[in-house]
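The same chain A turns up in both complexes below, where it pairs with chain B and then with chain C.
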Partner chain A sequence: MIRSTSRRIHALGAAALLAATAGCAGNASSSSGGKNDDGGPIVIGTSISLSGTTVLNQIRDGYLLAVQKVNAEGGLEVGGKKRKVELKVLDNRSDTNTMVQQVRSLALTDHVVGLLGSCCQQNIDMQGQADALKVPLVMGALPVELLPKGKGYTWDSFQSLADGAKDFYTVAAGAKTDKKTLIVTNNDAQGISTGKLWGATGKKAGFTIAATKAVPTGTTDFSDVIKAGKSSHAQVLIAAMAPPDCFAMWKQMKALAYKPKVAVGVQCAQTPGWGSLGKLGDGTLVQLNWSDTAGLPETNLIVSKYGKKYTNLTDLGSVALGLHEATILLDAIKSAGSTDADAINKALAKSTTVSAQGPVKFVDNKSVTPTFIGQWEGGAIKQVWPAKGGSPLASLTGLG
Partner chain B sequence: MKTPSVPTGASKALWPAASLAALTVAAFALAPALSLGQLDLSVTLLTYLTIAQAWNVLAGFSGQISLGAAAFMATGGYTTALTLVHTGLPWPVAFLGAGVGAALLALLLAVPLLRLRGDYFAVGTLAVSIAIQALLSNWNWAGGASGLTLPTERIPSGGNLYQIAVLVAALAMALTLYVRHSAFGLRLTAVRDNEPAAAGLGVSVYWHRLAALVPTSALTGLAGAVIAFQFVVISPDGVASVNWSLNAVLMSVVGGAGTVLGPVVGVGVVYYGLTRLLQDQQTLSLVIEGLLLVLIVRFAPQGVWPLVCRAVRFPAARRRVSPATAETGSDSSPQRVCQP
Partner chain C sequence: MTLDVLAAGILSGGLYALIGLGISLVFGVLGLMNLAHGELVIAGAYLASLLVVDSGWDPLLALPLAMAGVALIAYPLQRYLLTPLLRGDKSAPLVGTFGLSLLAQALFQGVFGTHPKSLPASYADSGISVLGLRIQTIYLIAFALTTVLCAATHLVLTRTRAGSAVRAASADPATAAVLGINVSTVYAMTFAGAAALAAAGGVLTGVAQSFTPTSGLPLLLTGMAVMALAGIGSVGGVLLAGIALGVLQSASVQLFGGGMRDVVVYLAFFLVLAVRPQGLFRKAATG
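For the complex of A and B:
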């Protein structure tokens, strides 16, 4: 009796396994039936961080805005017929594994014709998937220098770190400093290469690199770094670190009375969280990818649609970034006149789109967008460079 | 020292072993019939099954609650990637190297970790996992924070990768079946339930804990290799993420730790049911996941599979229970019968 029930249990288990397999197969089959060449909507997709440590709602809103804009015009003309566009947005909860699984699901099960990026390191991981799956991926939020050499399916339209460094030194040269510079970065490969680039650019611009420090991500004690800044009398500070590290360093600089005259928070001061530093963050410079005073295309659309929801320049810049990326992809689908991935990829290589971040021209899969230098003041950012459309540089009052 | 001889229950293992062999052959043969999307989903499910089953043997049967699966995943994934990127060796060598590398790491870590018990062991394995992730993030030869991209032309994909994943998952299931039905497994559970008593009966606690740690780590390393082949790009944020450890625990606990089929059910419920089917509804997925955990902890602390098992076995067992045995709660009670 016991053995027969035991068999029944194992038979039930085996049946459940087979049923699950069949269920998975059935589900996947039905999804694969909705291919993008069936005359229905053209499906594009993204796996983006909308919860967890990084929240990119603004970029997602930019993607949606581009799709709404195209659909309001009746869709994209593909094969002589206008077809609506459907954007499938999946939240990867800031988890790289989830992102990879979602991208693979979008490509292999939903048969998206193109992908849109997430941010930062996730974009690098996503590039590998785009190349392996041979699905075009348009991304921003990754400085063009940091895009690894791939197999040609990833297209990065974003700022150049070199431009940002050059513009910062131009701004810093206008302030009354001794040009002695302290560079602090995280000690990973990305941080070290950023430090080298800012150091070399600074020397060319006539600045003296008084000290360079590389610290592990998650550092909470910056007393050694601050001591180096004070002892070398560095009046110019460049901090390229993860946001929590920058926050901690700014607080400790105040506590230890280190008062540089000009400071830039590369990456970290770009996050909206910088505003939570209050007055301490005032005067810090930041590299921006967009400004509402620069006369870029679609500025009115972005401000009218999202100006109330997002009051900060960095947030609106992220909406512009999303709009820019999605427009590049949608224009390429239109130019290709096809939903074939290779045809879209070829169209991307020839892209001449002019969108929210200016004109696009890909060289080695990279198209550099303009750089602006902004300055934090009273919880908001104002453009200080280029001078046209910008405000005069204020002093670094937060650390003063 | 020779441990005492105990009944092995080999005859009881015959039917489940035959089922496993038949399922493996069937799954293996199914490869050409599956679409790329189905193959990819199956590889993910089978990889989760492998790590959940490895955790199940280590924690469910031998009582070593580990949060270190990610460390062995990372070792397997990075061994594979480094072998392929920096040498001209073929993928089978890299794949086997992943298992060997993870086993060697387990042997090395056994020296400090097996001195720890209970929560201390869990914290120790978590610390190892975090340390390995930090090491990989700062190791430029291994790509640093950006990781490594595997040469796609030299790695298995599609049906081949699916068949490898089937084999690895079958190995994990076979190991669990062996532990469930062998004298070795009986000694392991004795160590889990009462370590001093087991030691008093002549069971070598250290060697049994080591014998559970090493093969389960090797299996997790092989799962890491499968993930490296599937993901193509591996980075510390991905293959070394502590989420692998948490998922292994979650899937085993939801399905039923200490059972053979519990992790299978757990993988189905947690990954396919909650993560994949609800991927368009992330908030809902999180809410359901939380609710499910609360309900399981409150009403079915042994997991979903023992609950199903009891529901199926209960009528049969009740028919067998005589008034006398029912009063004494002896071997034929439904609770006793439902310990698959």
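For the complex of A and C:
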């Protein structure tokens, strides 16, 4: 029996090894290695989360689209001749330690000339590596306010939290409400600062913050929040939480008959899974980084290439984000006319790229992209702000 | 404590008890801490979603099929993988279930994607008024179903031949085997039964809340807290422990705000382990 057990443990170990090998094989998506000064392909790289708690396939697809586009035109002109671009994609499996190792490997073994980001906190952690290795890193998926001051090798082109809050209140002002607002966030540091930002912006916009609540991630009982909303007669709801928390809260709000007139799900309603709430999700507002009706550059390319694979606006917006980031880096390599990291970094500082999320102009390594407000209706999101390219604001029927 | 806080705590406790019942059963009979229990819960939700989201079934109609489906998956896992591991090193089955947990998460991601899902139903977001209190219908349904499943589990364990075999295999597997009981089969049936209970919890969680491939871990922790409060081998104690956990959570939110919810719950968890390691309800109920 001991032998049998031992055999099974070995079998489990072998299975784990096979799985790990498969995972490593999955990383080798497009690479033949090679240094960047030997006349071969110009190698750029990314350590991005493609499995685990965060899966960013859409951003990866945007990166690949940018590289395919450049290579279809013969590559980038560097040192007087055109060279193809090779993107090395490594899946860090949502693990920061893995990301750190992969970024170092990309820089020191693969000699990438530039890096592309992952998302969120990982981007902040990646900044330190890029600065230490002195390799330019272009990222999005991190609100510009959250990018720490680094040593100048990290470039963030994404939305501003302040713009997002301001735009929401502009939309909310157009609805008939008493302007009394309930703000619910998660109780971590980011949640608390988000609550403060939205509260301060709301006051400036003439709204009254009737109640503010902070709850732990994973909360399923929102009865105290709902009670606060009801007792303060808040008709405007701002919920900045993890998606599962918002799902539970929306169901409970409806069941306990709390009926705000305007509601936004910051972060949480961005997930395409919001559609699985059915009619309950109708009318909920959401912040978007991209809209297919806003007349942004490369919209047709994104929709024609990925419209079938990704049928919702937020996924296509992530493709646009990846395309945008990679285009900024590739344009900078082209402008630098060199694969030298410092030359590329200087070119990034002067970037005037116009890409999938609009024009780029870095100030303190940050370039703000536009914010759009969308509204869920029938399992899909439509743009309601800005008015140009948008539909009229509908009522919050899901909670009504 | 106000009446609505008490009601909310009791009703949410029903769902906690259902999730804890399977863990308690497996640990009590097999001596196995099943770290993949959360994934069995989520497997139930995903199986039900195939019928509910894709084919328009009502979640409560899909529930028995999800229970049967997860039980069918669980049986061979226990029979051919975990039971042999139980006979070896003590850490082997623990590592085995941890590996299964990771494997299941990867499978969920590959098959269903990573976006949160929810099981739509008219009773998911409806409420009813009872004695002036507004109650979310799904939690009332979950509480009633948990009570029924706890009673059924208790009856099976205490009033049937199969239950006698389970209790014999739990008390002394070697003697049970000598008496002609196929202990491996009993273990596999117990694991499958616990998986079915987990699946039921998953379907109700999917209706009341939402689920993702990685939702299993917090559910596992909830189940473990229920088991620790209840004590091993007490079906009635599991129900009471679930209710106690729910009420404790609701009361802590009322008294200290949402930020202290988990702190209070896990403080109680450690206090019980330190002061009364056999659980709060071991003597209060038989099972």
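Criterion: the second predicted complex is superposed on the first by the 367 of 400 C-alpha atoms of A that agree within 3 Å, B and C clash if a C-alpha of one lies under 4 Å from a C-alpha of the other, contacts with A are read in each partner's own complex, and residues count from 1 in each chain.
Everything below uses one rule, namely that contacts are C-beta pairs under 8 Å (C-beta built on N, C-alpha and C of every residue); 3 or more make two chains touch, one makes a residue touch a chain.
A quick note: this is a predicted structure, and the numbers were derived from the prediction, not measured.
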item	value
Partner chain in contact with A:Thr219 - chain B first, chain C second, else both or neither	second
Contacts of A:Thr96 with chain B and chain C, given as first, second, both or neither	first
Partner chain(s) touched by A:Thr352 [first = chain B, second = chain C, both, neither]	neither
Chain A: partner with more touched residues, chain B or chain C	B
First, second, both or neither for A:Pro148, with chain B first and chain C second	first
Partner chain in contact with A:Leu256 - chain B first, chain C second, else both or neither	second
Touched partner set for A:Val55, first chain B, second chain C, both or neither	second
Partner chain in contact with A:Ala248 - chain B first, chain C second, else both or neither	second
Partner chain(s) touched by A:Thr208 [first = chain B, second = chain C, both, neither]	neither
Touched partner set for A:Gly273, first chain B, second chain C, both or neither	second
Chain A residues contacted in one complex by chain B, in the other by chain C	1-2, 5-6, 8-9, 12, 16, 51, 187, 216
Contact set on chain A toward chain C in their complex	1-2, 4-6, 8-9, 12, 15-16, 19, 51, 53-55, 187, 213-216, 218-221, 223-225, 243-244, 247-248, 250-252, 254-257, 271-273, 276-278, 280
Chain A-touching residues of chain C, taken from the complex the two chains share	4-5, 8, 12, 53, 81, 84-85, 87-89, 92, 95-96, 99, 103, 106, 109, 113-118, 120, 124-127, 134-138, 208-212, 214-215, 218, 249-250, 253-254, 257-259, 261-262
Residue ranges of chain B in contact with chain A within the complex	12, 15-16, 19, 22-23, 26-27, 30, 34-38, 40-42, 44-45, 134, 137-138, 140, 143-147, 149, 152, 157, 230-233, 235, 237-239, 241, 243-244, 261, 264-265, 268, 272, 275-277, 279-280, 282-283, 308-309, 312-313, 316-317, 320, 337, 340
Residue numbers on chain A that touch chain B, as the complex places them	1-3, 5-14, 16-18, 20-21, 24-25, 27-29, 31-32, 50-51, 88, 90-91, 93, 95-98, 100-102, 104-105, 108-109, 121-122, 124-125, 127-129, 131-132, 148, 150-151, 187-190, 216-217
